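Each of the next two complexes has subunit A plus one more chain, namely subunit B in the first and subunit C in the second.
What follows is the complex of A and B.
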């Protein structure tokens, strides 16, 4: 691999290009007390990133602004604000077509506005990394945490990961490039977190040394040629299959789509290696399991502790990646469970639907509790729902003021 | 996903699935795969050589990454591919016809390509059908385009497909090598030479 030969040399800002595995697993770490937004900045400082483009939208604006400071310090090759989220994602595509390692951030309505670009990124096999700091998307306007937007990303062909903590965020930004830039994967990554809960709260995060950075992106390992107006995927855009009405055109387009999803499947092997599995399981033998992603996992852990005080044992399954979907892992982890509780920060319960479609005896899945529009999810609510599900009388938290 | 899916010559289906979506995994360095099963590289070398020697029209499809001397490695690989082709040609009987047909680019070409002189990833079956190719090897084709072609060939033809990939390999081929170098291609030519005369030629 060409970029491996650069290990030990210095990049444009004087950082030592380091073998990514050694940097993430062996280098000494130092604890810092940072907000999630500051953690994004620190990860990008070490990501050897060529281009960062974003448009301000809460709650990702702070991270985007902080990365502007990195540009001023010489850690990013180019940095600018696009005209809109749609423009930003198109500009990201242009930079990635040109062979750059690209980073962007977005949130809520911004994600929705830019949506047309995401299947285009995946179809063009562009390994762009996009941070999604989830917030409400519907009218009436809300800037508060809500994970509904993730469900719209699930069928774009992008890799979709859901971080629980700022530490996940730091590690997964750097590891994410290593997975998504593999030539057999080479897909964009939507690295999601629950806005405000992760981006605007401080936490202790262990950082790798600031004088180390990832090896640079090597565009010559791409599964498609670099930008060329005579070759696909660019040629496809000016001479698309859709303009030709014959079996061969349809078959080529169909095969192209299949290849994108094949690449999502191939990411499984690399993701398992880098993230130490697609899921994390605590107490797999428990008859009651809380299966969730993002900060709902943290709330689930608190509920687990509350229920333990009442003598009720509960296990936790943390789903780290939504694409690739950990189908086999979830099937295995839930095989002994009698009750599967899926708390979510959205109104539709998309994670519960995915789990129901994955496991046998899907009536074991209890879709909820749900909160949305910025509501918090007190662990007492999860504990009360579990008790209710088990036929145990529980006090309603909503009635405490009466 | 547990897998029972085997990557075999077609015609398989109106729209065959991508092998990766059926649970077929790519080999690790030092390995190869045969029909989706991970094997050591030498085992795959022998199978590939036997396929070339037993086919009526054994064909190599070199792609853009090796058709132009854009770096020293590409030039060396091109020389090795020419050597492999010459070795196959010398090792088969007069009733067999070895071919070397380039995939010069990936542009959709309409109304259609000339299948006698090139292959195109958007309709590779035309070249296979026209020349009655029953065993082929892709080399120097960008991975996305190679997978596209290999799947379309598996869907609509009976051709036995092989891939000499410079990256991680191809599940959609029936035999796939990874991390291809000029030396690896020369090793395959050595296998063809070694097995010359020991493989039954195709029946008419």
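What follows is the complex of A and C.
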């Protein structure tokens, strides 16, 4: 492969192009104490990106601006501020159509404004990576953490991953390109995290060496032609399907949608390899399981420790990828569970609905607790909800009125 | 793209579609001085199309494709509308993604091509209708100009939403009664050429497509200026004969009527000083090329006689 043959050479900024598996799994790591935004910058420094397009919206503005610094230092081919998220996502599409490895970031209302682009990205098979630092999308205006926007991304045909920690973020940005650029996948990736909780807090993250970078993107491995006029143009069709109401037209659109979702399915094997599974399970034999994604997993772990003090054993299932959806994994992980608790940072409980639709005996699922609008989720609340669900009398929590 | 890329292996030649054989044998990729006069003697970069009979857009498409200075290194960006029915038949790479985002797509595309092919010609040309350019996409049209993105924007101005059945658009004339303008449009035709000039376009032309030689000239100028200096804008009147109550044979006359000196499509041009300098230089080079070709031809003829 062209990109593999570049291993050992230097890229535009003098970094050594390194085999991605070796870089991520074998290269020596060094710890840093950074905010999530700084970690995004450090991942992109090593991602051999061609184009990054930015737009300010809290809480991703800092990361987007830091990547501008990378551009000024010569690590990125081109970088500019677009005029709105709708435009930015179209600019990202243009750059990806032209064969570039593209990166962007957005959040909350920005995700919603850009929404028309996402099924187009997937349908056009553009392996753009977009960081989503989730925040409220409700009115009145909110900039606080809230994961409701993820639910809107689930049916776009994009890959959707939900990072828990800054370390996830660092590794998954780099691994994400390796999965989404596979010729049998070649889909965009929405790499989500909970805004502020991950972007604005500092954590110890183990970084790969700064003088190593991923192999460049090879647009000629794409399953659809790269729009750079370097391969012969073809006459695509005699009658454009958009205008036709006939069986061939319907069949074309139907089969292409099926192909996009088949590509999501095909990403499974690559994702399992790179992320070491689509879920992570702690204490699979526990009768009570907390199943969640994002920082709700961290809070679940704290609740697990609290309940352990009371002699209640709780297991944890961390859902890493939402698309592809780890259907079989969740079914297996929950097969012995009597109570499945799904804490979420949003009002509708979309994750609980997905889980209910996946497993037998869905009445085992307790959807909650739900916090939204920027509320934090103290582990005490999760622990109290679990006790309540089990019929164990719990001490009342201050301010809850129970 | 090198012309070598489109060559067909001799063993495979006979099984390729005749249109493709034609593209390889008789198209004008890489031909110096290509232009509208190649129409009829070479393979055009547009095959059949599914526009209405007599639609001036189809004339515009043929002239524009014949006039691209480097089709072998040109990527076109379209938008939703009648033009999106034609692009699938066109012999250059082209992108349709959403309605109205064409100048955003082109911004990302041009930058990606500049990163990937530094120092090489890769022209990007946007071609969209007036709804896409002036209404739903106006933000992105203008912002691309503000940012001095180096590509050409062509607007096929038919003064309404043709593809959806003749609704009011921003470029429609005041008073015109149309769908969604049941008592007549209440505000003036948007002055996009003037706005383009103020927004930083270096070459702006407002005209009809009645004269192929004129279309060739403005297309070449616009693309050369965009390649070297910055954004350019062409607003071409391509009337929707269907929606203004004309017959198939009347499109050309409609354009001629509308380009009279007092009419709204009288030829108007703005060229920045920088662009003027470039165009003068290019014209001199073209003159030299033609003179040299003429001389060569004369010498050949002389040699033939001898």
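Everything that follows uses one rule, which is that the second predicted complex is superposed on the first by the 384 of 402 C-alpha atoms of A that agree within 3 Å, B and C clash if a C-alpha of one lies under 4 Å from a C-alpha of the other, contacts with A are read in each partner's own complex, and residues count from 1 in each chain.
Here is the rule we use: a residue touches a chain if its C-beta (ideal position, glycine included) is under 8 Å from a C-beta of that chain, and two chains touch if they have at least 3 such contacts.
Bear in mind the structure is a predicted one, so any value in this text is a computation, not a measurement.
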(request) Return first, second, both or neither, reflecting whether A:51 touches subunit B, subunit C, both chains, or no partner chain. (result) second
(message) For A:151 in the superposed arrangement: first (subunit B), second (subunit C), both or neither?
(response) neither
(request) Name the contact category of A:120: first (subunit B only), second (subunit C only), both, or neither. (result) second
(request) Examine A:232 and indicate which partner it touches, taking first as subunit B and second as subunit C; both and neither are also allowed. (result) both
(message) Looking at A:254 after the superposition, I want to know if it touches subunit B, subunit C, both of them or none. Which is it: first, second, both, neither?
(response) first
(message) In the overlaid three-chain picture, which partner chain does A:223 touch, first (subunit B) or second (subunit C), both, or neither?
(response) first
(request) Would you check which partner chain A:265 touches, where first means subunit B only, second means subunit C only, and both and neither mean what they say? (result) first
(request) Check whether A:332 is in contact with subunit B, with subunit C, with both or with neither, and answer first, second, both or neither. (result) neither
(request) Name the chain, either subunit B or subunit C, that contacts more residues of subunit A. (result) C
(request) Using the superposition on A, tell me which residues of subunit A are in contact with subunit B and, in the other complex, with subunit C. (result) 225, 230-232, 235-236, 239
(request) Please name which positions on subunit B make contact with subunit A in the complex. (result) 1-2, 15, 17-21, 25-26, 64, 105-108, 110, 121-123, 142-145, 147-148, 151-152, 155, 167-169, 171-172
(message) Give the list of subunit A residues in touch with subunit C in this complex.
(response) 50-51, 53, 77-78, 80, 82-84, 86-88, 90-100, 102, 116-117, 120, 124, 225, 227-240, 242-243
(request) Would you pull the subunit A residues touching subunit B in the complex into a rising list? (result) 125, 182-184, 186, 221-225, 230-232, 235-236, 239, 241, 244, 248-249, 251-252, 254-256, 258-259, 261-263, 265-266, 269, 327-328
(message) Show me the residue ranges of subunit C that touch subunit A in the complex, using the header's touch definition.
(response) 1, 5-6, 19-20, 23, 47-48, 50, 72-75, 77, 84-85, 87-95, 97-98, 101, 104-117, 122, 139-140, 143, 147
